[in-house]
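Right, one structure below, let's go through it.
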């Protein structure tokens, strides 16, 4: 059959297979393989802990991967794989496509199963003898799996009032916190941080 | 009286005077002063001839300033101050605002009268004892003063014919002259000149 | 009002380039043509650049920079100033070796080179692009001291490419195909699920912006573009589109780009950038420097279509005056509004309120917080307030 | 049609970045944000630059460079690629020391700083800018081998500034005021006379292009902009406007920018750029590389207003087919047209013919030569022909 424009060509199964890396909640896309929490611990310490911390607590400003259960209603919630993510597939997919940060796609399939198992273990979602596989990943029940709902906006539209739309006496005004945005270029004498990470580093070292 | 926006301020006569350099055919804008063909010759040789030639014939690719009378209907007309320009004021104005090319606005008023007189002399428009002044410039009659007419376009619009609009047997096709445009970037092996004057110079020197 | 200014004051000291004098630059020749085969802004505009807020992210490779909106005119953002957002930095992709694979629930899986894609009939549209985190640093309070940081994750370009619909038609979407997954060739392999309705409506596969090929920062050589939707869905460095029967729930549509409400539940797939607006003159970067006439100017935009009306308040939202929309009013594009006013040192609490063609009225901060709490991160499109002091200085405040 | 292409051929040898392989750029991090606070095009686009034809002028300082139209999409010309035309090179002007004086037959002579001018209410408009010498090298015969040189003295930007009318109203034009003189601050002190009707109609005093401040090449910090008129009238580096009762007949409106006819008489003050068009795909730079589908694409524009229709001929003007106008159709702006076609090696003599909203139909070369001879230099807006050979190569020819 001829396409309308007859541009490009048919992609071969082999070509597609190399790039078709996505995984879904129902497990579709997961390649055959497996990895234990035990294997994961070793790998995690070697390849992940330097940024995310040995317990997933996050080193410095790098992302926290564990804990934060029941904090979603707090003033400062801790959203982690364990406390927030609805599906375990997301973890496998993301680690496989993007981690470790400096060497994406460098983990093998089994290594991905293993570190994913370990991150789940850090979140008390699986036991220390657990082995994550193509077949059991979709069955893992994540704590916050029911935490999401479909977009139902507009949820807070205004009305077009033109006169006396608020009581001036009731208005509360809060000012800006000074000195935390890089505004030196337009404010004379502003003691503001640099506009780049490198500049920021230099500034901090200078202190 | 207040302007609508009250933006900017009144320009002083002094400020305006310094920038108000334009001259019109009726002589409006000419400052008091004068210059002779004799004085002009010396100045022209010193400040103009290196580009425009001792007789206004133009050195190399620099503009020709004299001659070309009655060539305007030729296949290759020579359009000069003498053969084409309708008013002498244009010469004074242009030399005063833009010449010599590398040092615009460096001629004094009297010097401008003098070189202008000399360019007119090179074009046989004034005699060798002529002295150009604020008062006589507007009276100079240029040979091609009646050579211009107001825009009367559209002068050659087409009609929107869709079928059989020309006789295919009568169509004459002329191709492009090759090798004179800088097309090396997209034509493999094209022997085209460089895309900059500097590159062109280098190319020519290399030959 | 200006009688007091002397020439020397006006020019910061030296008067030699002021009338009646002939300025130095008028007495000499400048550089010739093709000195800059590809040109750049004047050196005097060196402060008109993208800026980042270093404390926002751990490092610059997964970070964001903002467009200097205060310095821009009209609705086009020049390519050099379009805000940046990367998750693994900017990949340097050889366009001859780049491919797009279109597969999944289709009759014919297809693979395209850039040449192939550029053979399709192209469409060009001026549309805004906005990060849904724009303004998101201010859910809990005012903390940004300049327009560039309160609203600068925003730009508007003329985008050129192929409607994704055309490619999907050539591939032949099967009836079960309800979602697509779009994926990038960067180190993050950025991926987002998009409903097939959008993909068949106005989604573009884009290779040019403002006339020229995409900038590396915006996805060179190829990106997706979902008009009016959160910028993150417009996958850059696009290399793969898969058609499926359900969404993928990837990291960028679960961990990120979901909107946590006060009750602990989170809104998902909140794609549309709802109507928003901000005043660009005056603003912290553009304080009022002269009493008398001032054009209150700003930008409004809506992911649902055209802007219909913008109103301006001088008293923090008690009373409102209609502003004029000026220039082109295009769907899902930045739209300029303008209101002529006079200022003589009176304190102002300036606000703008956008209304789009669906009738949606931009909410107050109070309304938005009541509906969502302060932990949503994304989609903070509430009415913004600038405080104008008696000396003309402008600061960012919040009114509730 | 593509069964014969192997992977290695497609990519010029190496397959390591092609699927199924993971490309090198997907396995590493790229640079972070604000690595380029002001961005530039990809290094792979290094050939997309302005070019000049050195033999056109004695040196580069009073010369012209052309926009690479063949590589551009949509209607916006990115600022770095807008064609250049100088008479004394590019002056480097300190914006704080630049002034505009407005005087002559007015009630109140005024002087403005840049800050002053930017306080006026601004307008932004997408309009084309064209040198009237565009195409002028071909009055006597075809001699340019690429679209960049046949039509590249052409660009289209969003221009922002103040209507000159507003400034003239503030100054108060006296009843005798019938013409203005606009003058630049460059070494050429470029000057042109403009009828007051135009000045009060749509002339702008412009300080920004495509959102950002004017580029030095386009008149930073200030220029005039006469929509639809020959580019030379849109004085760059504008420093003075005088109102008078008659035109000045300066060098650029007598020696230059007058149109010499075969009978030795010359048309003066021929301001309008009449309707014109050119096919940009295919063209010499974009030969046809694949048989089968091709989108014939091009640009049309008219200084008299909107483009109403463009027709395309495949046989050198014997028969014509209507093309589709695509994207925005704005007055005095570039307008894209498109015609879907199939090519299987047949020789084509491709032409486009623009019709504007006044009903003006772009003339044939024969008609233009009959009316004007071949010495007019300017305003050569006749129908252009591309010859497509059996191997897909495209050359510039003339048909009469």
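So that you can tell them apart, the chains are marked A, B, C and D in the order they are listed, and the count of residues begins at 1 in each.
Following the convention adopted for this analysis, a contact is a pair of C-beta atoms (placed from the backbone, for glycine too) under 8 Å apart; a residue touches a chain by one contact, two chains touch by 3 or more.
Everything quoted here is computed from the prediction, not taken from an experiment.
Student: For chain B and chain C, which third chains touch each of them?
Tutor: Touching chain B as well as chain C, we find D.
Student: Which chain pair shares more contacting C-beta pairs: A-D, or B-D?
Tutor: Counting C-beta pairs in contact, B-D comes out ahead.
Student: Measure off the straight-line distance from the CA centroid of chain C to the CA centroid of chain D, and report it in whole Å.
Tutor: 28
Student: Using CA atom averages as chain centres, what separation in Å is found between chain A and chain D?
Tutor: About 47 Å separates the centre of chain A from that of chain D.
Student: In whole angstrom, what separates the CA-based centres of chain B and chain D?
Tutor: Comparing mean C-alpha positions, chain D is 23 Å from chain B.
Student: In whole angstrom, what separates the CA-based centres of chain A and chain B?
Tutor: Spacing between the chain centres: roughly 67 Å.
Student: Taking each residue of chain A in turn, which ones touch at least two of the other chains?
Tutor: 5, 7-9, 11, 15-16, 19, 101, 104-105, 195-197
Student: Quick one: which residues in chain D touch 2 or more of the other chains?
Tutor: In chain D, the residues touching two or more other chains are 18-19, 26-29, 32-34, 37, 49, 51-52, 59-60, 63, 88, 101, 111, 113, 119-120, 187, 189, 239, 290, 293.
Student: Which of line, ring, star, complete and other names the graph you get from chains that touch?
Tutor: Topology of touching chains reads as other, fitting no named class.
Student: Output every touching chain pair, sorted by label.
Tutor: A-C, A-D, B-C, B-D, C-D
Student: Quick check on the complex: what are the chain A residues that touch chain C?
Tutor: 1, 3-5, 7-11, 15-16, 19-26, 28, 60-62, 72-73, 75, 77, 79, 81, 84-87, 89-90, 93-94, 97-98, 101, 104-105, 147-168, 171-178, 180-183, 185-187, 192-200
Student: Residue numbers of chain C touching chain D in their complex, please.
Tutor: Residues in contact with chain D: 10-12, 14, 17-19, 23, 25-45, 48-52, 59-65, 71-82, 84-86, 88-97, 99, 101, 111, 113, 115, 119-126, 158-160, 185-187, 189, 207-208, 210-217, 220-221, 239, 289-290, 293-295, 297, 326-328, 336, 338, 340.
Student: Flag every residue of chain C that touches chain B in the complex, lowest number first.
Tutor: My answer: residues 1-3, 5, 18-22, 26-29, 32-34, 37, 290, 292-293.
Student: In the complex of these two chains, what residues of chain A are touching chain D?
Tutor: Chain A reaches chain D through residues 5-9, 11, 14-19, 101-106, 195-197.
Student: For chain D, which residues count as touching chain B in their complex?
Tutor: Answer in residue numbers: 47, 49, 51-55, 57-60, 62-63, 87-88, 101-103, 107-113, 116-117, 119-120, 141-146, 149, 166, 169-172, 181, 183, 187-189, 191, 239-240, 242, 244, 246, 248-251, 254-255, 258, 260, 262-272, 274, 284-285, 309, 311, 315-321, 349, 353, 355, 360-364, 367-368, 370-372, 374-375, 383, 385, 387, 395-400.
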